[in-house]
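Listed next: structures, encoded as structure tokens.
Both complexes below contain subunit A, partnered by subunit B and then by subunit C.
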Partner chain A sequence: MFNPENLIRKGLPKGYFKDILVRSLLGGITYLMVLIAVLLFGKIIIDGAPAIFTSEFPFVDTEFLTAKNETLHVFDDAKGTRHQLPASKYNEYIEAHAGQQIYNEQTFSYSGGGIAGPIIGTALLTCGSIILALFFGVCAAIYLAEYAKQSPFIHAVRLAILNLAGIPSIVFGLFGFSVFVLAAPVITANPVDRSLLVLPLFIEGWALSFQGWNSSLMAGCATLACMILPVVITASEESLRAVPQGFRDASLAMGGTRWQTIRKCVLPFSLPGILTSSLLAITRVAGETAPIMFTAAVAAKDDFPWEGLANPFDILSSQVQALPYHIYTLAARIPSSEYTQRAQFGSVLVFLILVAMLSFGSMVLRAKMRKKLKW
Partner chain B sequence: MISPNPQSESSGHRFQRRGFSFERAIRFFFASNAGLTIFILLLIIVFLLREGLGFFPGYRRELEVYRIAGLEFVDISRKNLTAHEQVTSLLNRAYQAEINGKCLDELLRSQEASALYNTFNDQVGPTRDLILNNPAATTGGDDGMLAVLRANYEAQRAKALTNLPATPHLSEAERQELIDSLRNRPAEATDEPPLVAKLNAAFAAARQSHAEPLQKFRETIDNFETAGMDLGSIVMEMTESVTATKEAIQTADILEKDRKTLLAAAANAKDPIEREKLIADAKAALADKPDVEGPMATLMEKKPDCVKVHEQLATSVGEIFPSLPGSLTQAKASRYLNAAKAAWPVLISDIKATPAKINSWTHTDPVPLSAAFISFLTGKSWVTGGEWQDFYGIIPLAVGSLMIAIVALTIAIPVGIGAAIYVNQFAAPREQALVKPVIEFIQAIPSVVLGFIGIMVFGTILREISTYDSLRWVPGFPIDERLNIFTAGCLLALMSVPTIFSLAEDALNNVPSAYAEASEALGASRLQTAFRVMVPAAFSGILAAVLLGLGRVIGETMVVLLVAGNRIKIPDFSEGIGAFFQPSHTLTGIIAQELGEVPLGSVHYRALFVIGITLFVVVLGINATAHHFLTRTKK
Partner chain C sequence: MSTAVQIQNLSFAYGSKQALHDVSLDMPARKVTAFIGPSGCGKSTLIRCINRINDRISTAHVTAGTIKVHGIDIYRKDINIQELRRRVGMVFQKYNPFAKSIYENVAYGLRIAGMTNRSDIDDAVEKSLRNAALWDEVGDRLHTSAFGLSGGQQQRLCIARAIATEPEILLMDEPCAALDPLATLRIEELISELKKKFTIVIVTHNMAQAARCSDQTAFMYLGKLVEVGPTMKIFENPSDPQTEAYITGSFG
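For the complex of A and B:
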């Protein structure tokens, strides 16, 4: 007998449990990643928070953010009270209590004071390299998006961009060291012996000597700029291409030249996009350590970069401290103890907050752009 | 550029008529900026090669000196000595592992008690020292201050007693007894608490009793060790004489280089008097040719002795083999024993082959450039700044990089691709909005921060976990070093998951929606659609994602520099999978670690650049393959 009921399958569909199993497995993996990220961030916040937050107004330990980096001295006075003082205050203390014994003295390099030096150094490196990379990157992108036709040159450029983007950061470090530190041209009156090439300038004995910029802010900026150039070019080209063709056609139809079209009708509309994606490049530059290890960064420096300079341009040829390099020093070169925790986790938390703000900012801006720019 | 106005041929500035125009200049300016990328890439290649290629001639000369001075001759014998020592160490490890395995409980109990006592000591140490070192304590001066110090000590002790490590193998009563004894200790006491001493004694007794049945094994090991003594002493004798020769040759090399510099300066000098002076200096610097033949003749006199020692060693090693025990009870011990047994025939055949090598060796054989090349690519040791001889072999570094990449990808491929499939195929839009930014944020975490986390948090946690009794079956557990290949691999996995995830997700997104629709129209379930249609269609994109992840892992520096343990040695594969829990060094890490310390232009400095070139080529090769797969999907 025909029974239509039989056509309707009863119970769970075939493969139901398998479906659930696979889905929950994949979902589990995904949320495991999220969980790990949250745990890592949580651990750093919990351990780093005491260093930069205080219970009183303004709730942020401004000293940690604005003081110079110093060696930390830990010692007991004769009464058995434990003191933790950075080097400058320690010297004051010793002078004030001359003649009194101190006991159990320990010193911890880089752990006292604050991290103003590294923060400023990272800011300088980031600004310098972004300015360079944006200038050259946007110009190159304009050529690729607006002028270029299929040609062997363009093909070579695209190949170069692709390859540059894949080079490991330590190789950029080697490149920066051998080119900007040891071989870049300088104008000097007395070239050193290892100079690659000396071209006389015929002005009072000055010569153009290819002897490098030494380990300095400008060598670091140049190395970092080379590293993020492909990122900036790709992002800028994308935002230039996102400007509708009609804008250009209209301008050209009105008799505008190519350059006028680009300046008035393309660049203004693509600028927000370029700047947004360059935020991402800033995040990457701020976080890189390997390229600046030999080109710009120094572990300990007593002065801020602008102190003790004869002329303001000397800042470019001086070494700087940098936050990622500082974290590397704190993690690798000093033994971990309860007295170094504040410096270690505090620096990492400050750094992570900076990076998180940048990357969050770029995400929000991008989302806004997508909503706003619909032509 | 053709002007829209036909009359412009005759009008305008004369520069414009010749084809110079503002528009052209701008166009040229932008084109040159685009060309900058090519220029930078060329600059990278040229300068890497410029600094790196000098390595091979320099290294060839070092190898030549190594041969002329007779160091190579000594190393023929030394190699056997090292192999012999390694087998001895394997046997000793087997012996110790057997005994420790049998009295595991006693071992752990004594270790835990000692650890607890040491932690306590570390915490109260500073305050106690204050009492002991204070002059008032001995002279009996300021009693008030002493009272303050004692109060501090008591406070610190009370705090320390609440903050002690766990002791899972001690009973509650024992732990309490130990804590009580620490609580009631006078500050001046220096001896161990009774329970610690008792447990140590118990452990020693247990070792003693378990060592009894292994007496024969012990004797065998000792015999084996003594068999190598003669070889050791003859190698030692020869070492001293050849080192002196090598130093003489190197000094002569340096003088010769100075002379050439002086002569070059003389050729450039404009002032004739100065030139004369420089040439005179150069003549003075002319080095006496170091005497190589004399020391070499004395070294060659040792040849027969060397041969004799090797022949003796070969017979005695062959005789000892049958007296090894057939098997041991502990798994770890028998693994060591088996490794030693496997190494045995190799050792014997090596020793037997040695006399022929010794006899055929001459110091006058030329060292071709290819020898430096081969020695770099296949060298099993990277030794720098040593007193004996520097070797630049890439294998230990490459193996380290490779093993870390294997660990990282084993974790990151399933996680990254699984998450991509889930987010793309099964997740609700709200889930996507949660997961994607988080993974994007992981990508933004700077690598030095991940390395920091590895050193401060993850390494310690991993070692804690590895000491659990329930995990003793895992090979390599408990791990000795908290910084090792596995730790570095896990952190790099975390780094490469976002790369693999986002690229694989893109690849899935790029599959035309018609595929999924067609599959669903045919009645396939979501699961079938995802795994039988979408994943195969996006396969080459996913492969490209994995390859790009691999490129990122190999090129990553800071994490491995901080976390991989930085020991330049090929991991000991006799540990089996446990080799993944040993520290190692990497291609990227070695550059970052050593470039700051080497003198400019030295062979070592150039060797680092050659490693840079290797990295450059490998990573670009991986990336090119990945892009090949990517473009194939787009077509």
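For the complex of A and C:
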């Protein structure tokens, strides 16, 4: 018999304490993560802020962001005043105070001046690799989404591409080193001895030599592009598939060719999606150290990449500094002291701010696109 | 009276699944031919053969028979498919304007056909929108998104888009499926207007609509053509008992 009185419980609900326990355990773990994030950002911001923020207008230490990286000289002058000068200013000081004795001189590599070199290097590497990855990635995605028949083979190709995304970045670094740095083809008049293969070209004196691009911006971009290609291909294919079939049908039914249909009715509508997804890839490219360690990056470089070039294209074959590699160098190669903290934490903070801006930008863009592109 | 589309013993399959069996019928020029029949009987498949839009499905193929458009076998190897589709326009079951402006939607077919002169395109866009009975409603906002239109307006926009390139034959797959009675009425008026210029093939689940706006009606069932004849005859005096059962609603 149904007794309505049974609907009213006596005492605490069933499993009351267990529920509270589970709830606080799960919540605790979640907030632990938040705590770790807060501590991490807090530490870097507190230690790094003095390097990039100032108390006067424009509140940013422009020198740190725009000056070249130099060795820091720390010394006392005859009056006992402590000086911290980057190498170039130090030389000026010594010249200006010729004959005066300095005391307690110490030098700290990479700790003086600013980090303009690494910032510019990272920007160049990022732009170059994104352009490469977008071009090749979108081409492959168009083929997979629009042209290829859905056969087991294509399925396997897609799986292989997905798997590429899981390969550790150091492996891409080694791959880039052996392929782009040592073996990629160049057109040259005088091939080097270690060239793997030299094919004479039809123009007198020139040959196609598989001698690699050396450690260079070009090799670094190519390596980074390989690393993010799977992400770009997968995201692009998804964006292409998200374009309603009706657009394609309508275009074909009006006498459009396949390529016209793709170019006018599919690509324009998937491009926003492709670009926003690729912005996420940018954050990854900007942050990786391993792929560029052997292929493009140098710890110290006196010139900006474009300085002292015979022609502007030589920038592609010059080496660059890069922020993540710079941070690695600062952390691993020089002992930490009160004089190196500015460079160490400052670089990390600048890096974090850049990456945060990129991911925030991609999130905002994505949300905007979502709103705009509804069908 | 000339024949616009001549289907002879057509059989069609999706992979190993036979969708059409030995269908034969003629569609006279500048008349409306309506296809009726229960869901899945192959109406869409049949009209999608007439502009070869089924080619997009890799497994789909004609297994026997021919389709001739104004005397030319359109499944010949050397057919110019783009030109065929320009001559045989299509309006889809689900209205599908592009995510572009109203103007760009209508101009699309003209542009890909190579028309570049701005004022020619302007004229053609206006003419098609007038023919599709849409000009009065959208003439003052041509450059706003097509998605801002109501469903009925969007379907009429798709019709305008399809007739902009002035096809000979217009295939309409349930053009009123997603529309309210008023919008449906407008499209029916439109069809009777359009048939002065175009040969129209329409698929519909609405018996009354087939009776109202077609000259010839074909009843299909399970991939076969059961009966075809003048609309009056099909609706008043069908010769096949299946047709009669379907029309009177006692089918099944």
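Just so it is clear, the second predicted complex is superposed on the first by the 364 of 375 C-alpha atoms of A that agree within 3 Å, B and C clash if a C-alpha of one lies under 4 Å from a C-alpha of the other, contacts with A are read in each partner's own complex, and residues count from 1 in each chain.
Please note the rule applied: a residue touches a chain if its C-beta (ideal position, glycine included) is under 8 Å from a C-beta of that chain, and two chains touch if they have at least 3 such contacts.
Source: prediction; values computed, not measured.
S.K.: Thinking of the overlay built on chain A, is A:Y93 touched by subunit B (first), by subunit C (second), by both, or by neither?
M.R.: Neither partner.
S.K.: Going by the contact rule set out at the top, does A:G246 touch subunit B (first), subunit C (second), both, or neither?
M.R.: second
S.K.: Of the partners subunit B and subunit C, which touch A:Y339 in the superposed model: first, second, both, neither?
M.R.: A:Y339 sits against neither subunit B nor subunit C.
S.K.: Touching A:G256, do we find subunit B (first), subunit C (second), both, or neither?
M.R.: The second partner, subunit C, only.
S.K.: Does the superposition put A:F304 against subunit B (first), subunit C (second), both, or neither?
M.R.: In the superposition, A:F304 touches no partner, neither subunit B nor subunit C.
S.K.: Check whether subunit B or subunit C contacts more residues of subunit A in the superposed model.
M.R.: Looking at subunit B versus subunit C, the one contacting more residues of subunit A is B.
S.K.: Counting only touches as set out at the top, which of subunit B and subunit C does A:F53 meet: first, second, both, neither?
M.R.: neither
S.K.: Return first, second, both or neither, reflecting whether A:Y103 touches subunit B, subunit C, both chains, or no partner chain.
M.R.: first
S.K.: Pick one for A:F210: touches subunit B only (first), subunit C only (second), both, or neither.
M.R.: So A:F210 meets neither subunit B nor subunit C here.
S.K.: Take the contacts of subunit A with subunit B and those with subunit C, and give the residues found in both.
M.R.: The overlap between the subunit B and subunit C interfaces on subunit A comprises residues 255, 257.
S.K.: Quick one: in the complex, what on subunit B touches subunit A?
M.R.: So the residues of subunit B in touch with subunit A come to 4, 22-23, 26-27, 29-31, 33-38, 40-41, 43-44, 47-48, 50-51, 126-127, 129-130, 133-135, 145, 148-149, 152, 414-415, 418-419, 421-423, 426-427, 434-435, 437-442, 444-449, 451-453, 455-457, 494, 497, 525-527, 551, 554-558, 561-562, 588, 591-592, 595-596, 600, 608-609, 612, 615-616, 619-620, 623, 627.
S.K.: For subunit C, which residues are in contact with subunit A within the complex?
M.R.: My answer: residues 51, 53, 56, 58, 82-86, 89-90, 92, 94, 96-99, 108-109, 112-113, 147, 158, 161-162, 165.
S.K.: Along subunit A, where are the residues that touch subunit B in the complex?
M.R.: 15, 18-19, 22-23, 25-27, 29-34, 36-38, 40, 43-44, 76, 78-80, 101, 103-104, 136, 139-140, 142-144, 146-148, 153-154, 156-157, 160-164, 166-175, 177-179, 182-183, 194, 226, 229-230, 233, 255, 257-259, 283, 286-290, 293-294, 324-325, 327-328, 330-332, 336, 344-345, 348, 351-352, 355-356, 358-360, 363
S.K.: Where on subunit A does subunit C make contact in their complex?
M.R.: Residues 149-150, 244, 246-257, 260, 264-265, 269, 373-375.
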